[in-house]
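In what follows, chain A forms one complex with chain B and a second complex with chain C.
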Partner chain A sequence: MAEQLSRTHPLEAWLPAFAELSGAVRISAEPFVPMTVLRADPATAGDVRIRGAALPTAPGSWASAGAGWLIWLGPDEWLLTGPGAAPEALEEELRTLLRPVGGSAADVSAQRIGIRLGGPRARQVLAKGCSIDLHPRVFTPGQSAQTTLGQAGVLLLALGEDEFAVLVRSSFGGYLASWLLDASLEYAAPALTS
Partner chain B sequence: MQLIECPWCGPREEVEFHYGGQAHVAYPEDPAALDDEQWAHYVFYRDNPKGRFAERWSHAAGCRRWFNAVRDTATYRFESVYHPDQPKPVIP
Partner chain C sequence: MSSSFRTPDGGRIDRSTTLEFVFDGQSYAGHAGDTLASALLASGRHSIATSVKLGRPRGIAAAWAEDPSGLVQIEEPFPEPMLLATTVELYDGLAAHGLPGQGRLADVPDSARYDAMHAHVDVLVVGAGPAGLAAALTAARAGARVALVDEQAEAGGALLGSDDRLDGSPAADWVASAVVELAAHPEVLHLQRTTAFGLYDDGFVLALQRRTDHLGGAAPRHEARQRVWRIRARQIVVAAGAHERPVVFADNDRPGIMLAGGARTFLHRYGVRAGSEAVVFTTNDSAYAAAVDLADAGVRVAAVVDARPEAPGHWLAACADRGIPVRSGSVVTGTDGDERVAAAHVAPLADGRPGDAEPIACDLLLVSGGWNPAVHLFSQARGTLRFDAALGAFLPAEELDGVAVAGSAAGVMDLAGCLADGRRVGAAALAALAVGAPAEPALPAADDAPAGLGPMTLWRVPDGGDGSTSFVDLQRDATVADLARAAGAGLRSMEHVKRFTTIGTAHDQGKTSGVLASGITAELLGIPIQATGTTTFRPPYTPVAFAALAGRDRGRLFDPERTTAVHDWHVAEGAVFEDVGQWKRPRYYPRAGEDMEAAVLRECAATRSGVGILDGSTLGKIDVQGPDAAVLLDRLYTNLMSSLKVGSVRYGVMCGVDGMVIDDGTVLRLAEDRFLVLTTTGGAAKILDWMEEWVQTEWPELRVHLASVTEQWSTFPVVGPRSRDVIGAVFGDVDVSNEAFPFMTWRDTTLGGVPVRLARISFSGELAYEVYVSSWYALAVWERLVEAGRPHGITPYGTETMHVLRAEKGYPIIGQDTDGTVTPHDLGMAWAVSKKKPDFVGKRSFSRPANQNPLRKQLVGLLPVDRETVLPEGSQIVEFRDDGRLPAPPVPMLGHVTSSYRSAELGRPFALALVKGGRARIGDTVHVPVGGTLVPVEVTGSVLVDPEGARRDG
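Moving on, here comes the complex of A and B:
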């Protein structure tokens, strides 16, 4: 009798450690969400609306598109997350939208997984391994950055004042989860009493 | 670590970038007409100045776009960055 393998999240093994963190830093794994990379010339695709949102043209920015995010990746490249949709359906939906303006869409759902960071110390945790300016006046909600965190390349989104999403290649997910847990250790541990 | 200014993403750490060699090496008008020596000159021969040098760089860990930069090869200081479709600046 063949053994049945059940589907698990790439970060399944880290979830108990995430759950044990205190309120100063909260880490959780984002559920699986279909993602599509869009390529289009911003000059011709200016009028295209992706789930109600225009393609963001400012470098390092993201916009809400339906329940997902529409993230700037380059001057002619964007990433759309589409929670709830089937990956193939999302790709087809975007192709239909972008084909008339000479753009393209490709499903990259298997590429990245999401980790969500929250809490008053989340910025400090990220700043330990990330060289970009994460000051609350500089890295404000609505901004994104493709950079390195620890040794992993990540796509960092500022969702709120103290709320961040880190999209990382799934094979780097375990490394990054361990790195984040280590970086949040000093904020998670109860204060020493003498 | 030295910061390099990406024309799109702004200043980022040097490790995010990939070097692309000399900039403004034009592809031959008629590649089939070149003899081996001329082709070797196009493929392999590059300037190697001490001082300011126009180079190609790629923001490999960021927006993955190519851009050009004028860098001083003696001090490693970046003097300017510009989009790849812009003309070569006058280098004193």
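Moving on, here comes the complex of A and C:
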């Protein structure tokens, strides 16, 4: 059985509905990328560079790391996302990097899926189910939050003025996709028939 | 119907738009901008319904949410009960009828949408009257993030119902310019039709926005009809205005008796004369404006009855100009009338007692007993109130951090004062935020009437009888007589009086009746009203529909549905799903014509005789890494984990500090410094929290890190004597022989370049392999396994079959066969409790005397002697009775059935049970009461299938 195994995206069934939204809200599924959770004491891991980036220490922040993100999850915890090595190879590489400084790494590539949310109404859509302050001066690009959206725990990243990434446990993907489509209805319904 | 009571012009209605509606089966017409109440009054209709207990006719008694009586049931476009005619905006096609107290919920699902929105602001202003607008303007001009919410259809507050002028122009012009200016500030959120109904700690306010109610059947389907705003404000300005208060007298409940300010609002806002012949009864200056304005609009005002000994000079002159007689030092003692008030009884007041009364004919009796500042939100924030004797009202008595009160809500009763107070409080809110007050133009000049005479505090006019027709709460039909009974029964607290009399418990929550009840109770008890105080103000300020509170959390979005990566396959195969927490798990896969029992018997037999496959991906999985990983697991599991070899698997039990089992599962040692811990599906989050708590709070010195990988790894047990063939076929490079791959070991391999981990773990007693793969590839691997299993008749099975197979082997489900009071020893798992380890969580408790009691409940098997009865789970177990009859209670209970199934393997039903001293009873027969009969059952060991363990290696 040497042939490649196919990958199945949990949101495959929702992609057509995402595509039908008008421009006021854009929703898309992020492609599969390796994700690794990193643990280390910043006091001993200060010199560590991950794809050129230092481990961010500001709570609720993220930094660019290669073509992906290095996201602060806690005082000694980060999530690295982005294309590159295969998940298991990346895990091994990071374990090797972090073990000498008392750290660890675990492959969590399939633990979460990413949803990209954009458009002039994206903030309103989020505000329907997220209690943090999403004001453009408060939740600025480079910031992240571990919060709830609807009834799902999410990792929310401000990517740009009207651009967000929502990382959610894969099992909640369908719920969150339905929730987002429903929340977008009044702004971006493909064919409004009242 | 003609609109005989509509003025020829004026009002804020659109006379060019006619709206047809039906009330009590009769057709009416109104205009855009009307409420149901104003449109009915324009047609001369006051009566709405009869009262809840006494059946007395009741009408419209106010112009907004303070109305105690005008409740209606909407029928079209969608049934909705218990709305006030005064707050229902008119729309075409509305059909409603009056309600005697209670309404009727729709018996069809509500197809409207409801949602919620979070907002964060620097300053929240509640109320868009003069004070609120001034405060919002000040905050907005400073660049603050402002929310202005107001419950009416348009801004203006009390100005909507008056003919006030500002800077020589109608006040509405200033309101309009303020609204335009606010709209130009990008940081201002201005919401009309939005009621701030609850104020909570730390500046959290809930507000209900009625977005499309006023559109009736034309409301767009894709927009939420109502929205709950969840506003977090650093500073809150409550500028909610004031409610006029009536005076209680005999027969004060007839249709046509109305608050004076309400009638003035109907006139100025809706162009409606509330009657043709009016008597005005007042204790203060404000009602004179109503008398004068109504007279100017063509209503014959038969008298102004002023309870004060003297009437204010300038109002006397204004009344004289219009030929309105003023009777100072007089009160209304009662009324005549049937469906509508026909006369007011007016008597002079001497030494606080009314003299002989004279009837004055009228079809409208306006009443003003002063004003109650709307302190609800302030009081909800636990602000204390004080009684202001000069004003005759309760006012905020303190300053709250982050909550300020402005305008008439703070007792400021003139327009100039409200504007100035709003600006002052707005600036104070900015100062609290360390924002400087902006440069602002001068406030507009108001044309307030000259200062007149102070109000007289008069709660009620003695009726010479028992007060049983002197209504305090019209909606509850509660009277002065009820208050007298409460006082006579010894009640002193207004909280008790409220519950005894039900005053203030209706839809309006006592907006007109609450303070009256306090005042009259104080009189009855002979104590000052300061001593009685008010009842506590609680949310919601006005009623909020449950549908609005539920918002979008209904239907499929009521509770998240968690699905595994293989979910769609299960759906396509016709699986019946079971909710396990939030997970959707296949329960069984029925074939045509099969019920659950038939399907499960088939799935069980196929698995035990051939091979089955289960989606076990919901199992909790925790990655444990670090040099001290083994130390941590040794401390948390009852058994030893540090001795586990890399490549091996061990079953483990976790206990709480009380020594009771909290979770169980297997542990894979992946490396010297790395383990994969498996938890139960339901325990996944709880056990990670439990482990983190110990690491973070008790043993921070341990060099160990935890990560949830529950959804990273999909898990598929392939189970049964033919499982080796299937695994061998799919993973050709793995030596699946028992020698090379023994029980309780794991092996890594790849499939199409994708890493796969195989583990010899069995939750059924059969030869079995668990297949772990990244959930990215879960479906592909699952399909390979199913395809490879086809020659062997591989059977997908669900949780029900999983439960039967594990129960046949006596494997407990934590949380089903245990309930937090069960130790590993009770489960017969003393073997899983280390005697070597110096300590672990729960160990201390095992030596307690209660844990040594031989009569503790122990897990045993039960076999119904009739080989037929499936014992209901939860059934009680009692001693065997020779006569087969349950004795009279109390019947000592020996335990209960925890799991019960029909077994394909045994060919009979069986059960697991917790039984007192159960292991000593093995071989005994006991009784289980089932549906009125006693079913004899044999107590057995908990392992009923393959107790020798001969099958696990195939």
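In the analysis below, the second predicted complex is superposed on the first by the 180 of 194 C-alpha atoms of A that agree within 3 Å, B and C clash if a C-alpha of one lies under 4 Å from a C-alpha of the other, contacts with A are read in each partner's own complex, and residues count from 1 in each chain.
Operating definition for what follows: a contact is a pair of C-beta atoms (placed from the backbone, for glycine too) under 8 Å apart; a residue touches a chain by one contact, two chains touch by 3 or more.
Remember, it's a predicted structure, so these values are computed and weren't measured experimentally.
*Asks:* Is A:87 touching the first partner chain B, the second partner chain C, both, or neither of them?
*Replies:* A:87 contacts chain C only, not chain B.
*Asks:* Is A:10 in contact with chain B, with chain C, with both, or with neither (first, second, both, neither)?
*Replies:* second
*Asks:* With both structures placed on chain A, which of the two partners, chain B or chain C, ends up touching more residues of chain A?
*Replies:* Of the two chains, more chain A residues are contacted by C.
*Asks:* Quick one: classify A:131 as touching chain B (first), chain C (second), both or neither.
*Replies:* Both chain B and chain C are touched by A:131.
*Asks:* Can A:182 be said to touch chain B (first), chain C (second), both, or neither?
*Replies:* The second partner, chain C, only.
*Asks:* Considering each complex separately, which residues of chain A are in contact with chain B in the first and with chain C in the second?
*Replies:* Touching chain B in the first complex and chain C in the second, residues 131-132 of chain A appear in both lists.
*Asks:* Along chain A, where are the residues that touch chain C in the complex?
*Replies:* 1-8, 10, 13, 32, 37, 39, 87-88, 95, 102-104, 106-112, 124, 127-135, 138, 150-152, 169-172, 174-176, 178-179, 182-183, 185-186, 189, 192-194
*Asks:* Which residues of chain B touch chain A in the complex?
*Replies:* The contact residues of chain B facing chain A are 1, 3, 8-10, 12-13, 15-16, 61-65.
*Asks:* Which bits of chain C are touching chain A when the two form their complex?
*Replies:* 113, 115-120, 145, 219-224, 230, 232, 552-553, 556-557, 559-565, 567-568, 583, 623, 625-626, 703, 705, 707-714, 730, 732, 751-755, 774-781, 784
*Asks:* Which of the residues in chain A end up touching chain B in this complex?
*Replies:* Chain A reaches chain B through residues 59-60, 73-75, 77, 131-132, 145-148, 153.
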